[in-house]
Amino acid sequence: MDNLFILLLIPVLGAIALAFVRQPRAAKQLALLVSLISVAATIPFLVNFVPDASMQFEQRFAWIPALGINFHIGIDGISLPLVLLTNGLIPLIILSAFSYEYKGGLYALVLFMQAGLLLVFTALDAFAFYVGWEVALIPIYFICALWGGENRIRVNIKFFIYTFFGSLLMLVAIIYLHVQVPSGDYELSSFYQLALDASTQRWIFWAFFIAFAIKMPIFPFHTWQPDTYTEAPTAGTMLLAAIMLKMGVYGLIRWLIPIAPLGVAAYGQLALVLCIIGVVYASIIAFKQNDAKRLIAYSSIGHVGLIGAGVFAWNVQGLQGAIIQMVNHGISVLGLFFVADILIRRLGTRDLAAMGGIAKSAPALAIMFLTIVMGAIGLPVTNGFVGEFLLLIGIYQYGIWYAVFGGLTIILAAVYLLRMYQKVMLGEPNAQTSGFADVSGTEWIVLAVVVVLVIGIGVYPKPLLGISEAAVTELINKVSLVK
Amino acid sequence: MSVFYFVAFLSIFFALMTIFTKNPVHSVLYLVITFFTFTVHYILLNAQFLAVVNFIVYMGAIMVLFLFVLMLLNLNKDTEPLKSNLVKFMGVIAGMCLLVTLAASFRLLQISDPVVLKNPDIGLVSNLGKVLFSDFLLPFEISSILLLTAMVGAVLLAKNDPKKV
Amino acid sequence: METIVQNIQGVPLNHYILFCSIIFTIGVMGVLIRRNVIIIMMSVELMLNSVNLLLTAFSVHHGDAAGQVFVFFIMALAAAEVAVGLAIIVMVYRNTRSVDINALNRLRG
Amino acid sequence: MSAIITLSLLAILVLYLGLFKARRALLPVSLLGLVATVVLYGVQWGKTAEPLYSGMVLFDHFAVVFSVVCVILTILVLLLSKDYFDKSSPHVAEYYALLLFSLTGAVLVVSFHNLAMLFIGIEIMSVALYILAGIRKKDFASNEAALKYFLMGAYSTGFLLFGIALLYGASGSFDLAAIKEYVVSNPQGISPLFYAGILLLIVSLAFKLGAAPFHFWTPDVYDGSPILITIFMATVVKTAAIAGFLRLFYFCFIPLQDFWVPVLLVMTIITLFVGNLTAIVQQSVKRMLAYSSISHAGYLLFAIVAIGATSANSVLFYVTAYSLSTIIGFGSLILVKRATGSEHFEAFNGLAKKNPYLSLAIAIAMLSLAGIPLTAGFVGKFMMFSGVLADYQVLLVVLAVINAAMGIFYYFRVIVAMYFKPLDRDAIVVSGPYRVVFFLAALITLLLGVYPAWLTGLI
Amino acid sequence: MIDLIWLIPLLPLVGFLLNGLGRNVLSKPLVGLLGSGVVLASFLLSCGVFAEVYTARQAGEPAVFIQSVFEWIAAGSLEVSLSFLVDPLSAIMLLIVTGIGFLIHVYSIGYMKHDAGFAKFFAFLNLFVFFMLVLVLGSNYAVMFIGWEGVGLCSYLLIGFWFKNKEFASAGKKAFVMNRIGDLSFLIAVFLIFNTFGTLEFTGVFPQAAGMAMGDTTLLLVTLLLFVAATGKSAQIPLFTWLPDAMAGPTPVSALIHAATMVTAGIYMIARSNILFTLSPVTLQIVAAIGICTALLAAAIAITQNDIKKVLAYSTVSQLGYMFLGLGVGAFTGAFFHVITHAFFKALLFLGAGSVIHAMGDEQDMRHMGGLKKHLPITYVTMLVATIAIAGIPPLSGFFSKDEILAHAFSANKLLWVLGFVGALFTAFYMFRLLSLTFFGKFRGTTEQADHLHESPASMTVPLIILAVLSAVGGLLNVPSALGGGQALANFLSPVFADSAAVTGPFHLDHSTEYVLMAVSAVGAIVMAVVAYRQYAVKGTVPKADDAPRGVLAKLSYHKFYVDELYDTLVVRPLNALSVFFYRIVDRAGIDGLVNGLGKRVGESAQGIRLLQNGNVGSYIFMMVIAAVLILAFGVFNG
């Protein structure tokens, strides 16, 4: 049962089946079923995973032999958390869409995207990686553009071109690397063995970095993000924020830094500074946002900036922090957007100024929301803390001032997220919010799972950290960055 | 030798006349003369077959066709709205540039071998026929398709459809 | 015949090429400066003829008949092309009552 | 060779059928003939190829594969032609015949082994198309397209011939093998005439391919011609042009690549930018596709810039992917235009609501043209890029990447119109042959995108 | 008993979960019982633990017990386990937290009886106790940080308990954010510690630190950062403004969190890390300076405040300042002693104030009180005890603890003593002002309130009485040797401060000097008490209305020296403006504009190129010729 192909195939087949389901009810159930099967199929991998630095469950076949391309996938300690994240969150995302009457198309796209994401996280062949990278992009474009808000068309085309451009640069770099490989393939391991000269690595760095930076996004490549998040339907926003941006971080860890260490040595500091600027900059912008989704969007930029900085710090703590924080951020941001969705759905507005006092009529929502907020601002015993703690300690070892400015996030995030919480939940209820219905049904499930994860990982992160520990240590030892 | 230069001068002169004359009919006539000078060139090169074909096909068939169409469409007057002088000037300049670059890229100012008629027979019908029907049989056959195409096409297009669609 | 042929002896090949280039260029210029479609077509014929002569010269120079055979094909093409071209012109003229290429600029941008 | 004979005879047979008013037999007979041609080519596959007819043609794998591609594309075009010509004029048989003639020319262009064959092939192909472009005799656009195509085509023929003449002048032969021999044997003493000849050939072949700055005819002619003819021009003719281009340069001019590659490099860049930039601002889908075909010509030229053993496969893949998508693109435009009378983007508005499968096919085509993974278009671009990068033309690829991103903008306009714009009309009726063509094209596009190995190592 | 340490924090957590999840199911009495019961259980366990520590101490052992629960975070060389440490210091804190916590829980049963969020309140309160216990028990900085932040969260929740009031909610946010500023500093300090010592365990860090040189730069940095963290949590300059606002929460909260326990976390933490501070004298000087400044500033504000809880709040800030002064001058035991006594009497004061407010029907303005002595006898008596204690009048507890700090201050720097003495005078004054305005004179409230006046129920008064007793006798814990005491507390704690003591040497002050100091401060306090009593009780002066004209100093004091306004102008508004600037100008117009502009440029250049496609064959051919010319020209130069 631990054949990786199965894992990739389940969502694809599910997507194909769902594409023909027009009845919303049936679509919902089928989609949920498929995603749960995915979850079930993930379990053997988790159970059989040996927490060492090796690549496991490898599968490969010659894909395009003429070009030296293999379909080569596998899981190690770095990819497993992300695989878990993807497969774990997709059911929640599907559940969160239950409040709408979507036809099978949406779910098909979601599942299709899942396949792309999984491919990205498991690919050991650069071509396969790139394919997954793009395959994840198409469905999300359609999800956002088909079911999004008023400005969706303009916003999404910008989003698409922006990210597509970035990934094409990456493609150039990939092919270039391939040309250098003596064995003429696209294997990750072959890329690792290349010892390119410094000037080559420098441009390779930029080619990869821009692709990943756009996806994450890192300041100043972020301007597509708030608009897209705002205009997308919630399921889309969740996919984007909770899972898709992890592709960028993962790319940094798996591809960019090990392949172009000299490039990182030259520009890593700059990249780290950009990340940190993003943290402060986005957080400050989030202060005065009155659009619930936009606020969360900016908060996401800030949080991801910190993750990026942790990666570029390139030490065990920073990297472990980045990996666990990717998972955490996925969970938290999903929760935040889901709450935002509940609010928007019931109140018909994204404007925080029109909300208030909801805690009175919806105490359960208020408490769960608060828990998620606390997770997002990194309170101890929530998941966010574990990640931020490790990240900051990693960044600290890179340079104290980076940690200081990066650490500002724990203040700034508190400011804007609590402001949001206050504007939404506290104060006197107004005419619209006084009759606000508390969470129910599927909403309960989604939020409860999120809350349990937030607290659970916060209290006992060791299993999750244990998965990646060996792989990260090995990677750090193998790739040393000379400052 | 001087014959060549003389005929060449005539060719160039009439070619220029062809393109600079306003009246289309005069143009056609100048072109006919130009083609005639080409026939002379062929003869000078001892390409007898080509000289004959050129004479018949170009001066005969093609030119007549041009004239015919001109007359058919009643374009014999110099009614052509002239291009502005600027455009003409630009055209001439561009042509000159082309000539200069062509000449330069051929290294035409270098001294070259004279054209020597090594084998006086090659231009003769018998010789050409041999080559045409042995080595170049396939293109010869295939060009029939070209002509057929042109025929079908010309009929198709020029025919005035009785039925209005 | 011999004397005529004698005349050619000694003309440098470059001069042939130059001469053909000039004629070719005149053809090009004709295309550029005229608006009457028929005359443009005639200019194109000039270009083709210059090539013909060039091929013949090369053929003689190399002592190889293939060049002259090729000229034959070009002539066939020229005939075909003129036929089609004139047919198109006639067709266009029927619709537009003009053989001015500048009148044909509906399709642009 | 038997395939070429079959094709020519088929065309003539079709003419006769027209003569005897056997209108309904036209399409089946044509299709049958084409299928037979494919079979004949198939029989030829795998045999060692020798130049035939005194070295006039060479049916090597390259020639066979590209011929088959041309023939299959023609089959698809013909399938779309059902009841297309009927509406424009009574001379249906002539149109079929002309299409088949043109195809014959195309097939010659991909299998020539002598410049004479190249020349004749190109001319047969072109002359037939001059006519076909103008078959809407009362339509100004069609007239204009025909005339423009003809004038500029004839003009470019002049360059082609001048180039051939110069090559002949330098090497003393029209035979590819002899020319190659000339290039290889005296690397130092190559005549300047030869260099100039190469350049002039580039000019004329770039014209046929529609590469900038010799592309000017493309948008206007594609726009003005009847859509079906445009499809033929954009697919079969382009395939033949690039294949002929590649064949000539791969065969003869590789030793001189330092000389001509820079020229093509610059042309490629210009082509990409002209095609993509101008496509962005188009309002008509037809014109947009025309400009997009220019930009694809740019990508195709990559194979010649990075000329080598893999070029043929790259071109094959790219051209297949591009042609299939183009068929869907223009083919759907036929339907949409029929339903709405418009070729603008707005005409596609809301198509997905009533014609989901048609829209899906169009979407796949657009994604393929844009080069999105899991479509054939992506693999094609990928192969092109890898070829060029193997030659270390990083700058070219980076510029190409910028262009690919621009491409998204206009391809997605169609998708946006279909999926995200409100509907204002009834469902479009898609007749059987159209369904078949769209289904096949979309399916192949996807299959080749998912598992490209079927086509990548063919030549 | 030591093996059950983990149960001590766990029990309140269980209480939190039960009360939180069952808040709609459980009846109020059950909730109260559960809420207080778990804390009582913890208290009993703590007593047991304390007993064992005490026994060990008596046997002369250092009495350090560590219990590891599980490994929490591990990454590379960083290993943080969730483990608890009990030593004399934490043992005492355990008793305070659970003991006073229990009393306040009991008190809350009465106080919150009519509140709709009764169960929620108890859940939060339990959660707070849990986090506070984690803070106290943590055996490393990371676990301490859990508690450190956790109590901040509870503080946030409880301040904003009545969230419908926007200002209350904002006060909670303010508290949280200001605490977070300190928390960041704490975190950075933690990183620095980890980098320097390679571990975060107290038992690993302190021995290493003890071996470092005096005035080590790293230590200086670490201690400064830790101190900044402490200023946040313990409401010192510059991060003190949240505490007075925190009075928005229910009064038991103010008593527990914002007086007795959480705010002393900073002192606790510094006392824990005493060796680090001892080795960086510069930090100690800063700590002392900040401490005394805060003490004076807050006291000066407290003098003119009219809200009974505000007065107490500023008083808390001021007393915390004293504790920092104590730390700063090396009187670790003294500071901690003050923590203990302060916990008793300040909790008592708040609870008493709560009782008053309860009786007055949620009236907090002292100008509307007066003469409550006869209506609230128990409250009056207990508050009187507390007031005397805080004023530093012997022989109640406050006298001893404050005196020890002042004695150390005197030996360190005479100026510090003078300032400390002035602060003590202020304290006596404003406390007796409070007492007089509330309990003496005539009743100034509405008749409605007058009818409503009543003594609080037993659940509220019993805790008052217990605390009053503790406030009265708490001083006996550490009677100075000058007064013939055995310094029990100091001896008990000595292993905790042993390293520091080894560095600084034994503290010594002449007994005669000590007597003089004690006498001076005691007399001063009594005099100020009398002055205040005469002014407000005998003369019956009522403070002016809010908008009445005041002198410059009074105005400054009344308006809290405009610190909030200052922060608003210097930090909040610029940040908000920056936010808008970043969003509108930099992000939308700048970066996004650039991106969009790029798109626009592309479109424009496309329009330019489009002009070439003018539909004119002539020009097409012209351009083709030009191109051909260029290509050939290239051939000329390259061929």
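A few notes on this one:
Order of writing sets the labels: A, B, C, D and E. Residues in every chain begin at 1.
As a convention for this text, a residue touches a chain if its C-beta (ideal position, glycine included) is under 8 Å from a C-beta of that chain, and two chains touch if they have at least 3 such contacts.
Predicted model, so just to flag it, every value in this text is computed and none were measured.
Common neighbours of subunit C and subunit E under the contact definition above: B, D.
Shared contact partners of subunit A and subunit C, listed by label: D, E. Path length between subunit A and subunit B in the chain contact graph, taken as the least number of steps between touching chains: 2.
When every chain is represented by the mean of its C-alpha atoms, the one lying closest to the mean of all protein C-alpha atoms is A.
When chain pairs are compared by contacting C-beta pairs, B-C ranks highest.
Among the other chains, the CA centroid farthest from that of subunit B is the one of E. Rounded to whole angstrom units, the spacing between the C-alpha centres of subunit B and subunit E is 102. Subunit C and subunit D have Cα centroids lying 27 Å from one another. Inter-chain spacing, taken between the CA centroids of subunit A and subunit E, is 37 Å.
Subunit B and subunit D have CA centres that are 31 Å apart. Residue numbers of subunit B whose C-beta contacts span two or more other chains: 83, 87, 90-91, 94-95, 98, 102, 105-106, 135-136, 139, 143, 146, 149-150, 153-154, 156-157.
Residue positions of subunit C touching 2 or more other chains, listed in rising order: 17, 24, 27-28, 31-32, 35, 41, 57, 61, 64, 66, 69, 73, 77, 80-81, 84, 87-89, 91, 94, 101-102, 104-109. Listed for subunit E are residues 610, 613, 615, 617-618, 621-622, 625-626, 628, 632, 635, 639, each touching two or more other chains.
Applying the touch definition to every pair of chains gives A-D, A-E, B-C, B-D, B-E, C-D, C-E, D-E. Residue ranges on subunit A touching subunit D, taken from their complex, read 62-67, 127, 130-131, 133-135, 137-138, 142, 145-146, 152-153, 157, 160-161, 164-165, 168-169, 171-172, 175-176, 178-179, 203.
Subunit D contributes residues 147-148, 151-152, 155-156, 159, 192, 195-196, 199-200, 202-203, 207, 213-214, 216-217, 219-220, 259, 262-263, 273-274, 277-278, 280-281, 406 to its touches with subunit E in the complex.
Here subunit C touches subunit D in the complex through residues 17, 24, 27-28, 31, 37, 40-41, 44, 47-48, 50-51, 54-55, 57-58, 61-62, 64, 66-67, 69-70, 73-74, 77, 80-81, 84-85, 87-89, 91-92, 94-96, 101, 104-109, going by the rule given at the top. By the touch criterion given at the top, residues 1, 4-5, 7-19, 21-30, 32-36, 38-39, 41-43, 45-46, 49, 52-53, 56-57, 59-61, 63-66, 68-69, 71-73, 75-84, 86-91, 93-94, 99-100, 102 of subunit C touch subunit B in their complex. Subunit E contributes residues 602-603, 605-607, 609-610, 612-613, 615, 617, 620-621, 623-624, 626-628, 631-632, 634-635, 638-639 to its touches with subunit D in the complex.
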